[in-house]
Amino acid sequence: MKIERKRERIFYFLLVPSSLVVLTFVLLLGVLVYSSIPALDRFGLSVYTKNVWDPVNDQYGGLAAIYGTIVTGVLSVAISAPFATALAVFVNDISPKKIKSFMINLSDLLAAFPTVVYGFWGLLSLGPFLSQTLFAFLGSLFGLHRITNGPSLLLASIVLAIMITPFASSLLREVYSQVPKSVDEAVYSLGLGKWELVVLKLSYIKRAFLGAYALAFGRAVGETVAVSLTIGNVLNISPNLLDPGYTIPSLIISQFGTAYGIQYNVMFALALFLVVIGIAFVIISRLILRVRL
Amino acid sequence: MKGISTWAAVIIVVIIIVAAAGIYFVMSSQGGHSATTTSTTSTSSTSSSTSTSTTAAPPQISASIVAGGSTFVNPAMQIWVKGFQSEYPGIQVTYSSTGSGAGVNNFLQGAYDIGATDVPPPSNLYQQMTQKYGEILTIPDVVGAVDIIYNIPGFTGVLNLTPDVIAKIYLGQIQYWDDPAIKALNPNFNFPHQKIIAVHRSDGSGTTFVFTYWLYISSEAWRSSGVGYGYTVNWPVDQLGNGLGGKGSEGVTAYVKQNPYSIGYVEAQYAIANNLTAAAVLNPSTGEFVKPSEATIEIAVQNANLTQLPSSLTVDMSKYLSVFLNVKAHNAYPIVSFSWLVVKVNYNDESKAEAIYLFLKYIVTTGQTELPTGYLPLPSNIQQLVLENLKLISYNNKPVYTMVS
Amino acid sequence: MRVKDAVIVSIITSLVVLFLLPIAFLFYTVIVNGLKVIISYGPRFFIDLPPNPGDGLGGIGSALEGTLYMVSLAVLISAPISVLAGAFLSFFERSKVASSIRASLELLVEFPTIVVGIVVFQILVLGFGLGLSGFTAAVALAIVMLPYSTIQISEALRIPKKLYEEAAYSLGLTTWQVMRLIMRIGRRGIVNGLLIGFAKIIGETAPVIFLTSSTANLYLQSFTSPVTGIPVLIYTFAFSGYQNWNDVAWGASLVLITIVTVVFVIARRMAK
């Protein structure tokens, strides 16, 4: 009995700092909602569905930013997927032992890398390089208009893809390595080789793949600095990916400092939207990953 | 059981050292009004000493000033802060180059002691500020100009532009460099059929305010478009995919440099420092195309009608925005403006009041002699006007200038 | 089979190499440009103040100090919470409370860092009037770091717990003693978790951009003075048209990734 009571005391003792975690989250969300209310009150949902940013006339609608957020998010996930998968497979089934641990460490290091360096490099090095090569090619292939050397939705998406690949690959690596060894044995005992093995394992983790990418998508849309340096910061809704655009985080970083009055609240309303997307995707990924085979 | 490895110990020790350093700073910092170890003379003076000789050693004041706003003055501000701090090492000044809009906004919110802005606070903001703080001072700190920079490969010489043409470019009505309107102004160059990339600011900017206000008063096309003027406006050219938003004048400069066939507006200083050619702009008052240079900006300043400026700078200064725009004088550059600093008049922290007084005084006197290229000092009558107004700065309604010589 | 295997291996390997190319390009650019700057300026790069715009080279001393200060303060704030919460999660993981805490952590991890920044601005700067200071910046960083470290620590404690819990109880130790024992055994994992959080927030720009000064023109003077950090400096300088500021930014980038890499390597060593 004494142990029971002690255990309880420890439980409650540790509960205090632990609940600070929950408290922080609730507080952040609460302030977000509270600060968004005036904007939602005044503009209703048009703060999300209109495309205008006019402090002179106090009209705000963040549709272009939402468009850019979703486009760059989806595109970066699409670009990153084959590479992250390849990394996961490579590390587990293909690479020799020595390279394996190096690759794992490298990709984890890259996942923790300062994003501002990615953005800086993206703007000054990768951007001009891609402009002369890939973008010029795409531009002439599809007859697309573009700003030479310029930032664009596509450039931002590529930089984002490079940034989320290490993170996504570490998630996929985990899952891929958890496919039971019996599968390996079965495949080899049937006289089949790497090809079948990889294909089979990949089909095993299909579900987890979606879960991992739901998380990566959430990470990509929340990225601020690298995007604001490479996207052009223009409220433009365009199917042309070589055009510049905006995302919600880069809009916030540009305009928050000067926002006063109702514009300030609009920023929070947009931030709220972003957080809701993020939360939604975390929930989706949990649901997917929970219900495993 | 294994102990912590030496690596971990090293890291932990490093963290502790840095944390200790931080705590050391707290303890050794001279926070301000209370008498501290190193302050000597005037910090805790309560007797209002009559103003004595101006050759007294700089008083040992400790205070911290948080300033921020306009990216326009940033290059000058950096120099001022360094110079000022070497004279008054106890006063710590930080300046955040966040844009004029942020400058006035944060000043209003209380995060900045000094808000730097390229245009005096608009009337509605002025009302809010005076409501919250009582009297405020809006003083000019330097003269600058807005250059129109461009990047046209192969173009030599100077590009001629009128307010209407510039307006139409940013309205998206003129989209290509070989537009007849541009060719008419510049018949000697064979412009290619390339889209004009119009670069503007992505952050709330006083430069944008001056630029759009100038367009508003100078161009019928801009006036009738309804876009108006402000720290940020709704740029029609963006919807066409031909606009770019750069962060700060730095960002605009970087974009114009990087992208052929682009055009942008920045403070003159940035154009000069980065070897960018600026356009010759039509001055509607004189009908001349004038290139921005120290000389042409100076002419605008000297010939402007400064008698309209009020003697007390505590009033709403927003209508004095156009004092230097389109000055009617031969060879006067049309887009010239002051940049301004907004501060409170009355403080309840003595050392802060003194520090701000000294800093502003420095800017208006010594600071005017160490400006980087592209900036012009305030005309001497304006300097006097500002110095007179600085005397209003007070601590608990007692002017501080008497206490710090 | 042979051909098929060769095909798949080459596809996978070429994708990996293709991914590594831009990474190598990144490292190369940062290292070369950064070294050029640091070597030409000399070792005082780490101490001196940054240069005026357009005015030759300078150092990153004030920003470096600011970053170290902010980050250490953030670690001091979040470490106790991370460790205790991590311990709670690994010891009482089956309780209902634990799952809600875990859920909050996962959600916090995905929180866009810029939003953390503006919310902290709203609460501390506007709400409490604390102004821009090293402290407010540290709080924002602490919030960003918290979920990472807590999750890492709770994972790290899981193994020692599994291995030793039974044995410890059977030896008659009380719960409290058992916990302390396991935490001592898992010491490395705990420090590792904190280091990972540390590495992560060193490079963070978005949470502190509205809470710091953008001019790195002075050294720390007091607890409440505004600070600037290296990531913010890079962001400001990189995006400027001034060549010399761009150069300083490359040097700063090199310093930054070096610090992150070193901390990371140390953390990895310890996790073994």
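Brief remarks on what is shown
All chains are identified by letter, namely A, B and C, in their written order; residue positions are counted from 1 within each chain.
By our rule, contacts are C-beta pairs under 8 Å (C-beta built on N, C-alpha and C of every residue); 3 or more make two chains touch, one makes a residue touch a chain.
All of these numbers come straight from a predicted model, not from anything done at the bench.
Because contacts link each chain to all the remaining chains, their graph is best described as complete. More inter-chain C-beta contacts link the pair A-C than the other of B-C and A-C.
Of all chains, the one whose CA centroid is most distant from that of chain A is B.
Work out the mean CA point of chain B and of chain C, and you get 34 Å between them. Mean C-alpha position of chain A lies 18 Å from that of chain C. Touching two or more other chains at once are residues 239 of chain C. Within chain A, the positions touching two or more other chains are listed as 257. Of all residues in chain B, those touching 2 or more other chains are 98, 109, 246-247, listed in ascending order. Looking at the complex, you find that chain C touches chain B at residues 52-54, 68-69, 72-73, 75-76, 125-126, 129, 131-132, 134, 184-185, 187-188, 191, 195, 212-215, 217-218, 220-226, 228, 236, 239-243, 245, 263, 266, 269-270. Of all residues in chain C, only 1-2, 4-5, 7-9, 11-13, 15-16, 18-19, 22-23, 25-26, 29-30, 80-81, 84-85, 87-89, 91-92, 95, 97, 100-101, 104-108, 110-116, 118-119, 121-123, 143, 146-147, 150, 174-176, 179, 196, 199-200, 202-206, 209-210, 231, 234-235, 238-239, 246, 249, 253, 256-257, 260-261, 264-265, 268 touch chain A in the complex they form. Per the touch definition, chain B reaches chain C in the complex via residues 1-2, 4-5, 7-8, 11-12, 15, 18-19, 21-22, 25-26, 29, 31, 64, 66, 68, 74-75, 77-79, 81-82, 85, 92-98, 109-111, 246-251, 253-254, 257, 270, 273-274, 372.
Listing the residues of chain A that touch chain C in their complex gives 3, 6-7, 10-11, 14-22, 24-28, 31-32, 35, 82-83, 86-87, 89-90, 94, 103, 105, 108-110, 112-121, 123-126, 162, 165, 191-196, 198-199, 215, 218-219, 221-225, 229, 249, 252-253, 256-257, 267-268, 271, 274-275, 278-279, 281-282, 286.
Put simply, chain A touches chain B in their complex at residues 51-57, 59, 128, 145, 147-151, 228, 232-236, 238, 240, 243-244, 246, 254-255, 257-260.
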